[in-house]
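Look for chain A in each of the two complexes below; its partner is chain B in the first and chain C in the second.
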Partner chain A sequence: MSALSLADLQTAFRSACLGSDSPDLAALVDGERIGADARLRIYRHHVFDSLSTALGATFSSVLSLVGEGFFRMLAREYIAHTPPSGPVLSEYGADFPDFIERHERVRDLVYLADAARLDWALTRAYGSDGGTALTAAALAAIAPEALGELRLRLRMGVSLLRSAYPVDRIWAVAHGKDDASIDLASGGVELVVFQRDDDAAFARLTRGEAAMLVACDGATGLAVALERASDADSSFDFATALPKFLNLDILAAP
Partner chain B sequence: MADGAPSPLPTGIGLRARHLEELPVRKPDVGFLEIHAENYLNGGPALKRVERLRADYRFSLHAVGLSLGSAEGLDAVHLARVKALVDRLQPDLVSDHLSWSVTSATYLNDLLPLPYTEESLAVVCRNVERLQESLGRRVLVENPSSYLSFTHSTIGEAEFLAAIVARTGCGLLCDVNNIHVTCSNMRLDPTAYLDALPRSAIGEFHLAGHVINDADGETILIDDHGSRVAEPVWALLREALARFGEQPTLIEWDTDVPDLDVLIDEAARADRERRAFHMGAAA
Partner chain C sequence: MKTSHLIIASAVAAAIGLPGTVLGQAKAETEKCYGVSKAGQNDCQTASSSCAGTSKKDAQADAWIAVPKGTCAKIVGASLTPSK
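Coming up: the complex of A and B.
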């Protein structure tokens, strides 16, 4: 058996770690006392185990809602199909919510993908540099005639989430902060997910507030964003929404 | 050194998420904190907490994802992010492992083994040189825990590490638990392993727990960083101290992370071992 180049050996090792047999690789492993397959299984086990743990840390609501055994089964399938592309594990799992949404075995848990989206948004908010938030003073310094065209942007790491289910309460139940039963038919929510000094959090938005922030995020001027907000919700009140946004530090400094 | 004088830098502990709130309040008397670079590359609240701890602690930055053994070379984007963190935190020590984890745009999140060949040596040295040039400083390369070896290896692991030092001028992070695990799994002599390492290159010791498992009916040690340091590893630390002298020493604990007091207790034991060596060396 001639040796593989290092690049080919690493490609074969990747396949072995992700679940494929690799006879070329096994032939290069010293199998004295303990066979090559058993030795390679140690690495394969660690790759799946450590990545499942990393996904469980990011998707803590999903882990809590489905239980550890089932979560590891889901994670294993996902890891084999979509291993991480880089070494920052808090950035791994961007499409795990979509994977959940498509998965036959959790089809009945209609809210699970949105719980995963909320987990992901919280992880992104926590792991973001944030940048500087818009303050009331900075806003007051803008000439009134320029306000209509003003482009308010969401602060880095802030995201918006719309769900057909009360996913904020589902998150609270998953984390032991709410023990009431939840009526899935009680209606959806619009959430904003953001960073605080020491953690990440979320808050409910009215339909009008959400429509305004979606428009801002799409680089629309303030006048148009306010129109969209009123279209979505006739009771939308900018005088209430703006202090709320400033208080949550969700808008970026210009 | 004066007889019975305290160690130059007490033993440090790995900074783990579950202790991030407790540490700044208690400020335990440990020598330094070691952080995993990949956990703090994005900024945000986690990094802010670490930066606040800089007022009270010295830091070591331990990377786990540079993949110094990748045939395809270091990832430029990841390298730039690590450099930005090094520039921001100004740690006393920077290290990664003699292993690889990246190939074909896949990160496997493990310290995977290399065949110890001239080809691998050229790859690792090129990557270490690039890392040191990028950071503008010397880095430490850590010996890995191994569960297999390749039949086409032509160089011993300790000799391979010595060759990297000779070619790149890097230092070595001597993980005493890893030497115990690897030597047990590969039936190597840990004393001979220590003897083959270049004495002046050692810049840090790591200590951690391992678990004893079974594979194909044979004992195999797994480096899980999930328990107290085992007695044979303390014994090997004494041998390492005798060869390399006192070095910044770290207690690592990554799975089933216990109360902070347990880490402090392990660090105190390491300091007792170092004091005992110090007294013996001075006598």
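Coming up: the complex of A and C.
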């Protein structure tokens, strides 16, 4: 029996859980009745099963789009490549969308990485405490001449997602809320993802609305943000956009 | 800049004046995603089949599943055709 320091033992056990067999480790495991390798495989399967299930819960659109078997294959590769860096399962998978984007076997599913980004954004929005939302009353309390310099920010957990594909409709199909087939050529979307009523939700934005929110979140004053919005979209109308933002509760209280 | 301030001020005034009307509109275009992320919140989540590890099957055994078979069948478009 080889002696391993605690640190080496932990490292070897971690590697075993992530797929590498270690003779040094196996030598330390009771091999009666069930062989040492088989015993270690129990932990390995448990790690992969638990993490695949957690990824499937977070990336529910991707799971639905590619199906269970294929998803577990993707998840397994990802887990071996990028094990969790923290203990919170719902925070695991930050770069799973990028992993999907680079993955050779889903190259044809060009929208899949964006579907994963939407899944991730929904999970983040749901898990965020958000803080207080900006209200019309709070805006009214600001002197009109100070509004142009006002720095509006997105609430914690709110995020913007631009896709070249209709990911909102793809999400609906993946979740059985839309039965129509989707033509990818029907165009891209700008989405805002946010927390709402103990849930997460998303809404479409116009190009101008998205440009305004991007500018605001980049610490630009409101007047400049409005110029950016008009530059991006000549039909941008602040008088429509502002009530929409306030009702979606996506802006943070100052 | 003065015009800009005026637009901002009047939009703020309008937003305060018409909360009811707009609220209905905004809600209609919001996609409710209830339950999407709740399952992932359980940090004590365990595999339902932890005994699977006792099988002789290796963890890589179903890596041969090469074709996605899910709702992606409903999504069509020119860019789905392999370009290479």
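Convention: the second predicted complex is superposed on the first by the 253 of 254 C-alpha atoms of A that agree within 3 Å, B and C clash if a C-alpha of one lies under 4 Å from a C-alpha of the other, contacts with A are read in each partner's own complex, and residues count from 1 in each chain.
Going forward, contacts are C-beta pairs under 8 Å (C-beta built on N, C-alpha and C of every residue); 3 or more make two chains touch, one makes a residue touch a chain.
Note that the structure is predicted; figures quoted are calculated from it, not measured.
> Touching A:L154, do we find chain B (first), chain C (second), both, or neither?
neither
> Check whether A:H46 is in contact with chain B, with chain C, with both or with neither, and answer first, second, both or neither.
both
> State whether A:G67 touches chain B only (first), chain C only (second), both chains, or neither.
The second partner, chain C, only.
> Check the residue A:Y111 against both partner chains and state whether it touches chain B (first), chain C (second), both, or neither.
After superposing on A, A:Y111 lies in contact with chain C but is clear of chain B.
> I'd like to know which partner A:A7 touches here: chain B for first, chain C for second, both or neither.
So A:A7 only meets chain B here.
> After lining up the shared chain so the two structures overlap, which partner does A:R196 touch, if you call chain B first and chain C second: first, second, both or neither?
The answer is both, since A:R196 touches chain B and chain C.
> Determine, under the contact definition given at the top, whether A:A229 touches first (chain B), second (chain C), both, or neither.
Touch status of A:A229: no partner.
> After the superposition on A, what does A:I34 contact: first (chain B), second (chain C), both or neither?
After superposing on A, A:I34 lies in contact with both chain B and chain C.
> After the superposition on A, what does A:Y126 contact: first (chain B), second (chain C), both or neither?
Both partners.
> In this superposition, which partner touches a larger number of chain A residues, chain B or chain C?
Of chain B and chain C, the partner in contact with more residues of chain A is C.
> Taking the contacts chain A makes with chain B in one complex and with chain C in the other, which residues are shared?
Common to the two interfaces on chain A: residues 34, 38, 41-43, 46, 50, 54, 87-90, 125-127, 196, 199-200.
> Under the touch definition given earlier, write down the residues of chain C that touch chain A in their complex.
Per the touch definition, chain C meets chain A at residues 1, 4-5, 7-16, 18-19, 22-23, 25-27, 29-43, 45-54, 56, 58-60, 62-63, 65-72, 74-82.
> What does chain A use to touch chain B in their complex?
Touching chain B from chain A are residues 3, 5-7, 9-11, 13-14, 17-18, 28-30, 33-36, 38-43, 46-47, 50-51, 54, 83-91, 125-130, 157, 195-200.
> Report the residues of chain A in contact with chain C in the complex, numbered from low to high.
Residues 19, 34, 38, 41-46, 48-50, 53-54, 57-58, 60, 63-73, 76, 87-90, 105-112, 119, 122-123, 125-127, 136-137, 139-140, 144-145, 147-148, 168, 170-175, 177, 179-186, 196, 199-204, 222-223, 226-227, 238-239, 242-244, 246-248 of chain A touch chain C in their complex.
> Looking at the complex, which residues from chain B come into contact with chain A?
38-39, 41-46, 48-49, 64-67, 70-72, 75, 77-78, 81, 100-110, 112-115, 117, 119-120, 123, 147-152, 187, 215-216, 218, 220, 222
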